[in-house]
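We just call them A, B, C and D in the order they show up, numbering each chain from 1.
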Amino acid sequence: MTTTLEHTETSAEPRGGGLARYQNFGTAVVAGVIFAWIGWFIARKLFWSSSDNFSDQVATMTAVGWMIGFWIGIGAFNAPFRWLLGNDNSRDDDLYYAGYKQGRARYWKYTTDHKVVGVQYIIVTMSLLGVGGILAMAIRTELIVPGTHFVNQQVYNSFIAIHGMVMILALIVAVAGPWGNFVMPIMVGARDMAFPRLNALSLWTLVSAAVLLVTVLAVGGLPVGWVVLGTIADQAGVGMDFFAMAIVVFTVSTTVASINLITTVITMRTKGMTLDRLPIFVWGTIITAVLALYAFPFFFVAELNQLLDRTASTSFYIAAGGGTSWLQANLFWLMGHPEVYVILIPAVAALFEISSTMARKPLFSYRTAVGAMVALSGLSALVWAHHMFTSGWAPTLGGPFMVTTELISIPTGIFFLVLVGTLWRGNVWMKLPTIWMFGFIFNFIIGGVTGIYLSDVPLDEQLHGTMFVTAHFHYIFVGSVLFGAIAALAYWFPKVTGRYLDERMGRYSFWLVFIGVQITFGAMFLSGLKGMPRRDASYSLAFEHTNFISTLGAYIIMSGMLVLLGAVITSWRRGEPSGPNPWHANTLEWQVPTPVPLENFLEEPVITQDPYHYGEELVGQ
Amino acid sequence: MSIADIEPQSEMHGGTPGHHESPEKVDARQRVGIWLFIGADVVTVAALLFTYLYLRGVDTAGHWMSMVGFPGHLHTYSEWENLYNNGTLGNPKPVYVGVLSAGLQWLTAALTVVSAGVLWFGEKSLRATKNAKAFSPFAIVAMVLTLVGVVVCAIQLGDIPQIFVGANDSITMSYTTYDSAMMAIIGSTLGHLVLLAFLGLGLAIRSARGVISGDKWYQVRLVRYFWVWVAISAVVSTLITTTINTVH
Amino acid sequence: MIRSRSLGVALASVLLGGGALALAGFALATATPHQTPLTCTPVSGKAHTCSVHLSTFPDSLEGVHGASGGPHPDWVTYSNDNVVVPAHETIDVTIDQYDTGGAANNPFFDNVIGTNGGFDTVNGVKTTHVGVNDIGHTFTIRGIPGNGKTLFVSIPLPANNSNKFPVKLGIGTYPKPIVVKFSFDTGGPTVYEFNCEFPCGGSRLGNGFGEAMSSYGYMSGTFTVQ
Amino acid sequence: MATSSGKRSLKTFYYSWGILTVVGVLLAIWIPKRYMPHMMSNDGNLSVTTMILFSVLAAPVAAGVYAAAIHVLRHDRYKGDGVPPAAEQVRENTKLTVTWLTVSAVLTVFVLVWGLGALAAENSSSGNPLVVDVTGQQWVWTFAYPGTHVVSNELIVPDHREVEFRVTSVDVTHGFWVVNFGVQVDANPGTITTIHTTPDKLGTIEVRCEQFCGLNHAFMDAVGHVVTPSQFSAWLASQPARA
C-alpha cells in the first residue's frame, strides 16, 4: 500500500530557529572546551591550593564547565530561556528545530524530530560499543599469557573500569535509544515524542557525559573497577571526579528520556490504539522506562555523595569520618540490578516483535508476555543485595534476597516460552534478524541458568568475584542483549535507510560473533570455576590455557563486529533497496513511507485490531 | 528534497509544526510529564533521606556527630597547618558537633509552603478572573519568597561546623556524617528553590506579557504541582532531620 | 550486493579494523614506559650469588621519573621498579633508606620474614625487627602461588630521621642513608611483585595507601626471574 | 513445509530433547568435578554438589528449549523465496503456559529449599571453633591466632576442627576467599566480618582476594596448609612471637 505523495515544494530556505541556526555539535564542543577552561581557571583561583581536595575541586569545576559549555553550544538552554522571557517558538522555529529541509546537517544539531534523535542514538551506541570494544581487546591482549607484558596494572585496571562503564552506557541505550525513539512513536500512531525538545536534551546530555567518561582515561584513568566501591575509589585520582560527573549527568539524561517515553505512550496513542492493541515492543519500552525512572536517581545520589566526599571533605563513604562504603554499595546496587533489566527488557521486547513478524504468526500469549515483563521489572527492584551476599553487610539478609533473586527465573522463563511459542509451527523466514534471534535463544539460556548458580548463597561464596560471574553477565550482555540489539538493527534498518542491511555480510558477522562468544565466555566459565578472581591483571599458571582460549575467542568476536560495522556502513548508502515494508509487518511504522515524512502520518491512522493478524490483507489505514 | 521534508499540514503536531494544538491536549500531556518528573524527584529525595537515616543507623565508630580532631572554629586551615607543622598542636580531642538549627530548617520549609500558597491563590484568582496581568504579582512574590529561602539555605550551609583531623602525615578538614548528610539535603533544597525561582520568574514574565492568557493558564497549574511537591518534600525532610538526629 | 562484493567488504573491514587496532595496541604498548631493567651484578667469590642495589627516596627526583620528578615530584619512590634476576640464585639485596617514617598500621610488617637466615643487617647490625613506631617503608615481595617458587619476603626499613642532609643526588639533598642488606633465593622463572606495605601514600582519602602507594612506578615494582 | 493442522510428529523435538538432556547431565556431572578446585572443607564439598545438582536440574530445561528451537529450524523454516504465507494464527495455549509456569515454579521452589537448607547448614556452628583473625591490607593477607603471639603470612589450620575467620582490613575493601574451603567474605575497613567452615582433608590451600583492591590485587594471594592437630600445635610452638 504505497501512497503516491505529491511533493508540495516550498522553495524558501527554512526560516526560524533563531540562535539555533548557528548551533551544532561543532560549536558545542568548542564552547564545552572553552567553558571547561573557564571552570578550571576559576577553580584554581577560588579554592585553597594546598588543601587535600584541591585537585578534585579543580577537576569537578572543569567537568561542570565542560557540561555547561557543551549544552550552551548545542542550544539546550535556548528553549528554557525563551520560555522564561515568554517568546515561545514560532511555527517556523518549531519547523527549524524539527530539522525541516536541512538535509544531513540536522543530525549534527539540537534536532527534535524523534527519527533524527533515533539515528543519533544509533551513532552514539555504535561509537560507545567501539570504544568499549577497543578496551576489551586491550584487556584480552593483556590476559593472553600470565604476567603484565602488554600494559602495566594501573593502565589495565583503568581499562577494566572504563570498559565496564562505557559498555553499560552503550547497552542501556542500545535498543531503547534508537528504536524507542525512531520506531515507538510511529508504532503508537503519534506525530512525535511527547516532549520533542526534552528528547534532544536526553541525547545531547548523553553525548556530553559519554565524552567526559572517555576522557577519564586521559586524566589519570580510574583504576578502581566500574562499581567504584567507596574505599578503593577514594584512592583514584581526578579521573574519579570526571567519572562521577559523567554519571550524575547520564542519570538525569536517562530519567528525562524515560519520562518522555512513558508520556508519549500514555497520552499520544492514536484512535483505536487501546492498551491490548499496543505492539509488544511498546510495552517493553515503557516498562523499561518506568524501571529506569525508579532506579537511576539512586545512582545520582551515590555518585553525588562520592563527589562531595572528594570535593567538600564530607565523609559519606570514609570510615574515618563515620561513613561506610556499604552505603555506596547499597545505593549503587539499588540502581545496579534494575539497570541490568533496563538493559535486557527492550532487547527481549524487540525480539518478541521480530519473532511474530518473521514467523508470520501472532505473538504467543501476548498478555503473559506483558505480565512477565512487568513482574520482572517489579521483582528487579527487590533483589539488589545479591550483589552483596559476600560483603558481610547483612548476613541475615542472605536468605530473603536469595528468595527474591531466584523468583526472577520464573518471568525470565516465560520469555523463552513466548519466543519459542511464537516460532513454533510458524513459517519462519530465515532472514538476518531471525538468525540473530536464534543466537539470542542459545546464549540467553546459558546466561540465565548460570545466574541461578550465583543466586544460591553457599555456591555464590565460591563463585562470587571470580571470572564465572564475568562470563555469566557477558553471556547476558553480549550473548543476549547485543544479539537482540543487532537483530533490532537488522529488522528496522530498512525503515531508517530504505535499504536492507547486507544479508551475506550479516551472516558472516553472526557466525563469527556467535562462535567467538562461545569460545571466549565458555573458557571464561572454566577460568572462573577453577578459581580465577575477576579484574586480575596477571594470573596463576593454572589458568593459562583457558585465558589463552578466551583471548582467541575475543579476536574472533572483534572480527565479527568489524564485519558488522562494514556491513552497516556500506549498506547505509549502497544496500539493496527495500521499500517501505520489506518484512510485510502489520505494526504502524511499516505502513508509513520510507523515508518517513516529518509528521509520520499524512492523516491520523485509526486502529481496529492488534498488529498480529497475518493472512488477511493489511488493515488499519 | 526527500519525502521527509514535506511541509507538515496537520493541526495535530504536538509542540512542533502546526503547533496550535488544542490546549487541553497539551495540558493533559504535560501534566503526565510533570507527575513523572515529580516521581523521579520523589525517589531522589528518598535516596537522600535514606543516606541520612542509614548513616545515622550505622554510626560507624560513633562518628555520626563527633570526631577526634580539632574544632574548626578556633583557627583557620592555614593556622591549624602551621600549628601542626611546628608540633605545638597537642593531641586531638573528640569534638561534638551538635544538631544544626531546627529554626532555620523550619523557616526554609515554611518559605516553600507559603510561596506555594501564594502561587495557588494567584492561580485561583487567575482561573476566576481570566486576567493574566493580575497574576504576575503573585508569581513575583512567590519567586521572592523562594529567593529568601535560597539565602536561608546558604546560611545553613555556612553554619555547618568543620573539624580538623590528622591524616597520617598532614592535617585536613572533614565533616561528620551528620553534617555531610545535612549538607546534601540542604544543598538539594537550595537547588530546588533556585529551580522554583526560575519557574516563578518565568510565570511572572509570561503572564505580564500575556503569553499566559485565558485558555493557557494550565501552565500555572503544572508549575504549581511541582511547587507543592517541593514544599511537601521540604516539610517531610525537615520533619525527619529535626526529630530524628541525635544518637543516644 | 552480489556475493563476492559482500565477502570483499567483509574481509576489508576485518583487515582494516584489525590492522588499525593492532597499530593502536602497538603504540599503547610502547607508550607505557617500561623502565630499563636493573640487572643483578654477580658477587665475586660467591657461587650462584648476585647483588641488587635499591633505594627508597622521600620524593620522586631520583627514581624512574626523570630529574624533574615527573608529574608528582613529592611522591615517595623506589629507585627502580623493573629488576631482572637470574633463576635458582641467591640474591643479595642492598636498600638505602633515605625517607622518614612513622607507625605502621599492621605490626606484622615490623618483622623480618622469609630472608635467608631469618634476619637482615641494618648498617651492619643483624636485626629481626626495627620497632613498630619508626618504620620508613617496607620491602615486601611475593608472587602468585603456582607460578614458580612460592616466595614471601618482607623487610622493615627503619625511618631515617637524621636532620643533616649531606648527600647530594641529582637536584635533591638527602640524609646519610640507612643501609639494609638481606638475601633470599629465587626458584624457577616467574615474576614477583614487590611493594611497600607502610601507609606512606598521603592524603585523607585512601587510608594512607593512596597516591604513591596505588600508582605504578612509585612504591612498587617487579622482580622478573629469568 | 506448509503448515498442516492436526498432530504432526514431534520426533525431532523428542529425540533432540533426549540427546541434549543426556549430554547436559553428563557435562553437569563432569565439568564441576574436573574444573572446580580441590575442595577440602564441608562448605567446599557443598558448593561442588550444589553446582552438580543445579546443572543436572537445568539440563532438561535447557535441552527442552534447544530441542524446540531445533524442531522449529528443522520443520518450520520457510524454504521458498519472497514473503512466507501466514502461518496458523495460534495465539494462546493456556495449558502449555500453565504447565510451563508450574514446572518453573516447582524447580524454583526446589532450588530455593535446597539453597536455604544449605545456607542454614553453612551458618550452623559447632560452638568452639578455632578463631583466626585475618587482616587484609593492600596486597598482603596476615593471619593472627588469638591466645598465642603467632602472626603469619601463611594460613595453617588443623583438620576436622571448625575454624572461624574474623576478617577485617586496614585500608580498602578486600575479599577474603579460601579457594579450597569454598567460603569467602569481604574484609571491610573499620568492621569485622566472620565466616566459618570445617576443613576435612589435609593438604595445601590457597587464599585469594576476590574484591578489586587496586594495583597488585592479582598478587594478593596467600598459601596455607591443613595439617593434623598435633602438627598444628607443633607449628604454633615453633613460630616466633610476633604479636
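We take it that a contact is a pair of C-beta atoms (placed from the backbone, for glycine too) under 8 Å apart; a residue touches a chain by one contact, two chains touch by 3 or more.
Here the structure is a predicted model, which means the values were calculated and not measured.
Two chain pairs, A-B and A-D, are compared here, and A-D has more C-beta pairs in contact (counted per touch definition above).
Distance from subunit A peaks, on a Cα-centroid basis, for C. Mean C-alpha position of subunit B lies 50 Å from that of subunit C. In terms of their C-alpha centroids, the spacing between subunit A and subunit D amounts to 30 Å. Work out the mean CA point of subunit A and of subunit C, and you get 41 Å between them. Counting partners per residue, subunit B has 60-61, 165, 167, 170, 172, 174 as the residues that reach two or more other chains.
Multi-chain contact residues of subunit C (touching two or more other chains): 144-146, 199, 203-204, 206-209, 213-216. Each of the following residues of subunit D touches two or more other chains: 171-172, 189-191, 206, 214-216, 218-219, 221. Interface residues of subunit D facing subunit A in the complex, by the touch rule stated above, are 3, 31-32, 35-37, 43-44, 46-47, 50-51, 54-55, 58, 61-62, 65-66, 68-69, 71-73, 76-78, 83-94, 96-97, 100-101, 104-105, 107-108, 111-112, 114-116, 118-119, 121-123, 167, 169, 171-173, 175, 177, 179, 182-186, 188-191, 193-195, 206, 208-219, 221. The part of subunit C that touches subunit A in the complex is made up of residues 1, 3, 6-7, 9-10, 12-14, 16-18, 21, 24-25, 28-29, 32, 144-147, 191, 201, 203-207, 209-211, 213-217, 222.
Contacts from subunit B toward subunit D in the complex involve residues 60-61. Remark: subunit A residues 52, 134, 137-138, 141, 146-148, 150-155, 223, 231, 234-235, 309-310, 313, 318-320, 502, 504-505, 508-509, 538-542, 558-559, 562-563, 565-567, 569-571, 574-576 touch subunit C in the complex. Taken in their complex, subunit D has these residues touching subunit C: 135, 137-140, 142, 144, 151, 153-154, 170-172, 189, 206, 214-216, 218-219, 221-223, 240, 242-243.
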